[in-house]
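Please go over the structures that come below.
Both complexes shown next keep chain A, but they swap its partner, so chain B is in the first and chain C is in the second.
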Partner chain A sequence: MAPTTEPKQRSPSIVVQELTHEKIRFALLHTDTSVANALRRVIIAEVPTLAIDLVDVIENTSCLCDEFIAHRLGLIPLLSEKAVEMEFPYDYAGDDESVTDVHFELNTGICASAETVDVTSNDLVCYDPRVAPVNYHPGESIKGKGGAMEFEAQAAARGPDDGPDIPGVVIVKLRRGQQINMRCVARKGVGRDHAKWQPVATATYRFEPEITINEELMATLTEEEKMAFVESSPTALFRYDEATRRVVVDAPDQARSYGYDGECLKKAEELGKPGLVDIRAKEDAFHFTVESTGALRPEEIVVNALKVLERKMEVTRGELDILEREQDEQVAM
Partner chain B sequence: MNQPSRAEKFVLPDGVRKLTFTRDTKVANAGTFVVQKEDHTLGNAVRMQLHRDPEVVFSGYQVPHPSDNRIVIKVRAASAQSLGFLFLSAVRTRDPLALTARPPPSRPQVHTTKNSSPMQAMTEAVDCLRTEITDISQKFVDEVDSFRANQQ
Partner chain C sequence: MSVYEKTFTLKDEDHTMGNAIRYMLNKNPQVALAGYSVPHPMERSVNVRVQTTGEVTATAAMRDALLDIISVCDHVHDTFDLAIEEHGEKNATAMETDVAGKGGGSKKK
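Then we have the complex of A and B:
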C-alpha cells in the first residue's frame, strides 16, 4: 500500500509549566492545530458553569433600571463546582427544580447611610452552601449578617485565600432611602449560549518558535554589533556569551514567550546580514495559557473541556454506528 | 424577544437526526455528512484527521450558515480502481511508475470492503480522535498530579 508518512493515530504529550489557583500554563506536544484549537474552543465555549439567569425584581429604587442590574448580576462569576451534578434547563424534563436551579437573594433593605453605599456580590445570599460568588465574604456585606454562616464552597481548597481585601463585584450604588430587593436563579450553561457562562478570562495557545543562528554569518559581526543584535529583540531571545564571544539562544522557556514581532530579523537586515537567524513556528507544539474567572479551578476547566470533547466524539461515533447498521439492513433487504 | 430560542443551539428537534449521510450521485465512493448542533470544533478536527488517512482522497467541511447550528463534511474515499487513488499513491511514493501500475493486491485498510467507504473513513477518523483525546485527558491528569507533587 501507499506508504503513510505518519500513523493515523497520534499520541500527544502534555507538560505542565505553571499552576496556580487561577492560572495554568501547559504545553501540548505532537499533535495537530485542529486538536489544539478544538481544545481551546471547548475551554471557552463548552465547559459548563453556573451564572445567574433569571431575576425577579421585588423592589428597585436605585438609579439603574431593572434589566441593567439583572445583566450585571448575570456577569458575576459563581463558584461552579456543583455544575457537573446539575442539568441544563433545556435538557431536563423532570419536575425537580433543585437539579437545574440555585436560588439567590439580594435584599439590601432601605439604605440608611448618609454616604453612597456599594452593593456588591457579598450582599448576595445563597442558601446552597456549595454555590457562592467568587471571593465571597458575606461578612463584608451591607448588613454584615451572613458572617456567621460557614460556606463550604469558600472553605474548599482554592489555594491561598485572597482575604477580605479583595472587594466584592460592585453591582450598583445606593443613596439614602434607596433599596434593592431581588430574587435570582442561577442555572447551568455554557459560553456558547452567553459569555457569562465562560469559565475563563483567557484561553490561548501559541506556537513554539524554533530559532537557528547562522553561525558563519554571526562570526562576521563585531562584538558591538552582536550586543546590539541581542538587545534588538524586545523579548529576551538571545544572550551574548562573554566567555565564548558568541550569541546563543537564551533559555528556551524565555524564547517561548516570543511574540513573532520580527524585531531581531529587522535588526539583522539593518546590520546588512539578512538570514542571520531563522525563526520558524513549530507546527506540533502548542503552549496554552488558561486563566480562570474563579468559577472553576484552571486545571479543572481543562479536564472538563477534554471530557466534553471526548463526549462529542463518542456521540458522533454512536451515530455513525446507527447509520452503518441502517445501511446494512438496507443491503440485506 | 426578537431572538432565536436558546435551546435551538443545543437541543435536537423531534424527528431530526444528529448525523445523516448522503452518498454522492455522481462521484464514486464519495458522500456528505451533515452533523446537527456542532461547529468548527468538531468539523475541523475531523477533517484534519481524515486528511491523515491515505485512503481518503478528499475531505472538507463547512458551516453553511452561522445561525444554523450544523456542519457539512464531505469525504471522498479512494477505491482500488479509482484514478484518484493511483495518483495519490504515485504522489506519496514519488514513483511515476505507480501511475500506471496496478495497486498491490494485499492492501490493508482499504475502505472498499463494504459499500460504504466514506463511512468507514469517518468512523476510523472519529475513533482515532477519541482515542487521542482520552489519551491527552489521562496524561493531563497525571501531569498535574506530578507537577503538584514536585512543588511540595
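Then we have the complex of A and C:
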C-alpha cells in the first residue's frame, strides 16, 4: 500500500478541553470534514445503548393508554455499560435470552394516596444489577422499600451523579385507586433505528475561526471607534488593550464560541472600514461538543463510536476480499 | 467492463461511510475519479464509483481507502485515550494548585 495520503491527514491530534460525567468538549485537529462528520454521525446514530423495547401490560388503570406509557418507558435512558457485551436481538440466533434481554418490572400497586402520585423511573425494578435508569434512586420510589440500599451503593460506585435531588423521569401520574403493572424488556439498539437508543442529547462540531486583524487599518480608528468595534461582537472576540491602545483578539478559548454571526464585520463596514478584520473558518480544526444522555460516559461514547466506525470498514474490506475471490474464480473458469 | 472502473454498492450504509471513503479515494493519486451517491433517501444503500488511472484495480484502490480509514480510526482512538489521560492529569494538578492558592488560581475577570 503506497502512502498516498499526506501524513497530516492520517494522524489527527486531539485536545480535551472539558470533561464532566455528562459532557465532553474536545478539539479534533489536522483532519478533514469527512472524518469529523463520520465520527459525529456514528456517535448519534450507531453507538449501541440499551432501551426498553418490549412492554407487557398486566394492569393499567391510569389516565394514559398502554402504548403511550410503553413509548414513554422506551425513552427513559438506561445505564448501558453492559451493551457492549450484549447482542442485537435481530442478529442473535441462539437461545440464551440473557445476551439480548434485560428485564424490568413496574408495579405500583393500587394507589392509596389522596393526592396525585408521580410514577417515575425510580419505580422500575431491575433484574440486572448493572442496568438501571440514569440517576436511579429506588429509595425515592412510591414503595421506597427493599433492595434500594444495594442499588444506591452500586450507583455510588459508578461515579459521581447528581444525587437524589435529581428527580426520576416521570412516566405517568396516578390518582387514588389507579394502578400500573407492567413487565418491560430492555434491548440493545442503535439510534438510527429509534431515537431512544441515541447515547447523546447533542453531538456537534464547529469550525475554529481564524481571526486576523488588519493592523494598518485598525490604527486609523479613534479610541472610541475601537471600543465600539470591540463591543459590537455578541461573543467576546476582541479586547481593547489599554496599555498598547490596540485591539487584540481575546483569549482563543473565547474566540472558539464565535457563532459566525458577522456582527463585527458589519460594524467595520459601518465605520467605513471594510476589511478591518478577516474571519474565516479553518478547514482542519473541529471543536466537538458531545453531551451524553447519561446512558454512557461521554468519553466512552467517543471511543465506542471509533470502534464502530473501524468495524464498519473492516467488514467492508472482508466483503471486498470475497468479491475479488469470486471474480478470480470466474476468470479462471 | 474493465477492472479499473467499478461501482460498489454498500448495503445498509449511508453518508457516514460514503463520504469518508470518497474522501480517502480522492486522496489517492492513482484514482482518476471517485464519487458516491445515495440513490434514495429511504433506501439504506450507497453507490461508490471508482475509476483508476490504470495503475491499480478499482478494488485495490477501494481496499487502500478502507485501510486508510481504519488507520485513521486507530490513530484517533489512541490519541483520544492519551488526550483524556492528559486532561485528567492537568485537572489533578490544577486542583492541587487551586487548593494551595486557596481557590484563587482560576480567577477570571
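Throughout what follows, the second predicted complex is superposed on the first by the 309 of 333 C-alpha atoms of A that agree within 3 Å, B and C clash if a C-alpha of one lies under 4 Å from a C-alpha of the other, contacts with A are read in each partner's own complex, and residues count from 1 in each chain.
The rule is simple: a contact is a pair of C-beta atoms (placed from the backbone, for glycine too) under 8 Å apart; a residue touches a chain by one contact, two chains touch by 3 or more.
All figures in this text were calculated on a predicted structure; none of them were measured in a lab.
When both complexes are superposed on chain A, chain B and chain C occupy overlapping space and clash. After overlaying the two complexes on the shared chain, residue contacts for A:11 are found with chain B and with chain C alike. Using the contact criterion defined above for the overlaid structures, shared-chain residue A:42 touches chain B and also reaches chain C. In the superposition on chain A, contact of A:90 is made with chain B only, not with chain C. Within the superposed three-chain model, A:324 lies in touch with chain B and with chain C [touch as defined at top].
Of the two partner chains, chain B and chain C are each touched by A:313.
In the superposed model, A:106 lies in contact with neither chain B nor chain C.
Contacts of A:193 after superposition on the shared chain: chain B is touched, whereas chain C is not. More residues of chain A are touched by B (comparison of chain B with chain C).
In the superposition on chain A, A:277 makes contact with neither chain B nor chain C.
Touching of chain A by both chain B and chain C, each in its own complex, is seen for residues 1-2, 4-6, 9-16, 19, 26, 28, 31-32, 34-35, 37-39, 41-42, 45-46, 299, 302-303, 306-307, 309-310, 312-314, 316-317, 320, 323-324.
Residue ranges on chain A touching chain B, taken from their complex, read 1-6, 8-16, 19, 26, 28, 31-35, 37-39, 41-42, 45-46, 88, 90-91, 192-193, 299, 302-303, 306-307, 309-310, 312-317, 319-324, 327, 331.
On chain A, the positions that touch chain C within their shared complex are 1-2, 4-6, 9-17, 19, 26, 28, 31-32, 34-35, 37-39, 41-42, 45-46, 299, 302-303, 306-307, 309-310, 312-314, 316-317, 320, 323-324. Listed in rising order, the residues of chain B touching chain A in the complex are 6-7, 9-11, 17-21, 35, 38-42, 44-49, 52-54, 88-89, 92-93, 103-104, 107-110, 115-116, 119, 122-137, 139-141, 143-144, 147-148, 151.
Contact residues on chain C toward chain A in their complex (touch as defined above): 8, 10, 13-17, 19-20, 22-24, 27-30, 59, 62-64, 66-77, 79-84, 86-88, 91.
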